[in-house]
Amino acid sequence: MTNFFKLLRFELDRFFKLYIVLIVVTIVSQLAGLVIISKLYMRRAREEIVVNQNSMESFLETYGQFSLANLTHSLWFFGPIALCIVSLLIYVFFIWYRDWFGKNTFIYRLLMLPTERLNVYLAKAMTIFTMVLGLVSLQIVLIYLEMNLVRLLVPRDFRLDLTIHEVIRSFDYFNILIPDSFLGFLISYGTGLMAVFVLFTAILIERSYRLKGVFIGGLYVAASFFVFISPLILSEIFLPRFFYPIEMFLLEVFAGLIVMTGAIWLGYYLLNKKIRV
Amino acid sequence: MIEVREITKRFGRKEVLKGVSFTAEKGEITCLIGVNGVGKTTVMNAIMNLTPIQSGEILIDGQKINKRSYEKIMFIPDAITMLPQMTIQQAMQFMDDFYESWNEKRAKELLDFFKLEEGNKISNLSKGNTAKINLLLGLALDVDYLLMDEPFSGIDIFSREQIADVFTSHLVEDRGVIITTHEINDIEHLIDKVVILNDGTVVKSFYTEEVREKEGKSVIDVLREVHLQ
Amino acid sequence: MKRYWKLIILTAAVILILGLFYTKTGTANDNGPSFTIKKIQGNEEEISNILLDANYHQSRTAGSGHSLQISAEGTKYFNEQSIAEQLFGFGWDRQIERWQKEYRSYMRGKWPSLSSFFENGKFLAYADVNYNFTGPIGSSRDFTFDIDILHKETGGRVKRETEVPNRNQYYSMSVENVQVTDNVLKVFTSNQVEHQGNHEIEIHVYTFDIQTGELLDDKIIIEEKESLDANQWAEIMILNKHEHIGEEEYVLAKVLNVEHVQDAENSGDYVEQVQQLYFVSYNVETGEIKQFEIPEIKPFAAAGISPIPDKAQISGSTVYFAIFTTDGIDVYSYSLETNSLQGSQKVPLEKSFSDSPVIKVAHERIYIVEWINKRDTDKSIIVADVESGEIVYSGRIELQEPEAHSGEYELYIHDIIFN
């Protein structure tokens, strides 16, 4: 095993307990949520139809059919997703700062490993990335589970079966997390990975220059963002509609690659020449 | 040989090192002495490329430090460099994973010598035992040079004695060692060479044996002279 | 290896799940159901050239729905477009897409608005008005014509930027139509004039030399004052369809003068009252301007009748007006040559049609499409002959594979497009 994989494994182990907690919370909340809101829906249906003597049609008219959209619009569903997103966002910072702060100073150990220091950087980034993809995969599996579970919970006449893409689209912004196409997936997560690298490098700038570094790091993030959207600026302000969509797309990919390479290169430089314990 | 040549280091406007030069040979124990805050730790960090220097250069056996150097030179800071949630065994496993120079036999030997249990968690260890583990993780590497930052500070007398014993044993013998301290008393008899740091420069460096034999002075005598000047 | 199980399991699960998800679930048919236009009676040829711009909403699922186009052949969803087009596309118009393919470099930098384009066998012409923000909103702007004429045979281009004459007077300008005739390019614009607190709307015809792109003439064909103090304003609408990018014999404008008056009967609320309705026709070739009223086309009509006759189609020198009434749609044909009403026809409509169907008159036919379609909508398309009023086609928008798509839906039709 190369040192990169050893570090990746090591970083993964360090967050694994919390990661398992996130996974369990997501599973429990979404499945329990589905059971609870479908039971509530069916109880209301019984009340309206049996007790209030309304027809099934009028009930469906008022309350609509039950579908997984009922679940995706509830806190049961997006609560844990938000929790996972926030946790991992915080972890982007924590994965570095934990090594500097506290009684132990693990950063000494990491920087004195007989391997490229960049491996530490890349392993941390891949840890975040792998965990994100793990949660996305979990969510896909959960949706399939929920699609089957809802069939057991709600009778056919009350139920609207959605396809997996309809479920995903029923929840705002979920398309960004689980895009329809593989290319869309590459775009979402390519951009995400780029953002992680930029934040990592900004953190290393702060760690190298401390108080001054907060300012420089902020400028660096702004500059990266500017480079990333520069094709859009170019197209909007200077050459409106000059570039066709496919050309804009390629320019954006190119800009993204520049930002990513820049972040990794700068990270490499800082780790080798400027970093302080 | 570790060569430190004219290194300067600023923290903001404050110049901490104003051109520090000295050498440390293999097979010798070199002691960096100075009051607290004089920049001893900074010199160590600079040698290990853990902090950037403004000018000067540091060579290890004639080469600038690179990733392979860490198989040859190891730094033992005054705080433990392993995660507190790890057991001693896991910490040793970590070293084994990453360092080719990790010597499992020597590690076991040190473990016995210090009377430590592999299954103990680092966070549960006493201050003295933590220092011993820290030392163990460095000493069990087959490296040529060892840097130790205040290995005796803040620990009990028995642990100190145990650690001091290590210095005279075969565990250290052929290696080059640089240690820093602000109290010379405990280790005066162990060290071969003294480098006195003051106000960002090396004010005096000498071999202990030389001053003892030729001038009949102890290290403390020399220190006192330097301070009175 | 044993210590790597977490990493191995996690990576394997991610690759397996995402791999399966992106290979097994087809994305094309998962947008939503397919629809086709199904004949109830008549000749299917009648609808072979139409496309319906639609939006599909599934009840209970949120979001803005999905854009699609429905034709006799089937359905195309907007997000079947490439990702690049979805992210950076400028619109979804087949005509413009066709030009972008055929005249790739010519079409660069052009605002994708059909009213800025003209095409015939010889030329593809474009005219737009650009400006930079130079002062606060409402102040005059540096309006500039951007003319670009492509000679199809030679591939030669006449590209020229020209200052709009008297541009300091205008605070807004928009291109309404572009025509090419007899070696000149005529650009019809609507200009908003700000003049000492009074507003004016002017329709201009700017004439350019097709060989040099030089501005030859600026003529005002309609001028209407507005007074905000007196609560009076004007509305001028060019009735020529913007999607008709070929030659027109006439350019026809409808002019409304509207006043905000207090309604004594209704608790003193302000209501809009049309004071005047007239038409202005411009003969593209001769430049002759005629202003006239059509007594049969009234600004107000009896209850239930659409008061604003903007569903019009100009075909050569004849203009057809379609007016929605309680029992159907009245189609008037009017000659712009003789300025006389040629006739009127009634197309009967079932009660099931809602009161604002999409109506288009084209190719001597009137097309009427129900704008909101549900699972149980029975009849939603009617095509009738404008001369005789005879219904030549009726049909419905039919859901394909209804058993695979349970549940209620709403299908909104925005527009009828002709291929």
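Assorted remarks:
Each chain gets a letter, A, B and C, in the order it is written, and its residues are counted from 1.
Keep in mind that, in the parts below, contacts are C-beta pairs under 8 Å (C-beta built on N, C-alpha and C of every residue); 3 or more make two chains touch, one makes a residue touch a chain.
The UniProt protein names, listed by chain, are A = ABC-2 family transporter protein; B = Multidrug ABC transporter ATP-binding protein.
Since this is a predicted model, take the numbers as computed values, not measurements.
Contact topology of the protein chains: linear, an open path with no closing contact. The central chain of the assembly on a C-alpha centroid basis is A. Chain B has its Cα centroid 44 Å from the Cα centroid of chain A.
Chain C has its Cα centroid 81 Å from the Cα centroid of chain B. Rounded to whole angstrom units, the spacing between the C-alpha centres of chain A and chain C is 40.
The part of chain B that touches chain A in the complex is made up of residues 45, 48-52, 67-71, 74-75, 77, 79-84, 94, 97-100, 122.
Within the complex, the chain A residues that touch chain B are 3, 6, 10, 14, 102-106, 108-109, 111-117, 208, 272-277. Interface residues of chain C facing chain A in the complex, by the touch rule stated above, are 3-4, 6-7, 10-11, 13-14, 17-18, 21-22, 25, 27, 30-32, 58-63, 79, 82-85, 87-90, 100, 104, 108-112, 406-408. By the touch criterion given at the top, residues 1, 5, 8-9, 12-13, 16, 64-65, 67, 69-70, 73, 130-131, 133-134, 136-137, 140-141, 160-166, 169-172, 178, 180-185, 187, 235, 239-246, 248-249, 252 of chain A touch chain C in their complex.
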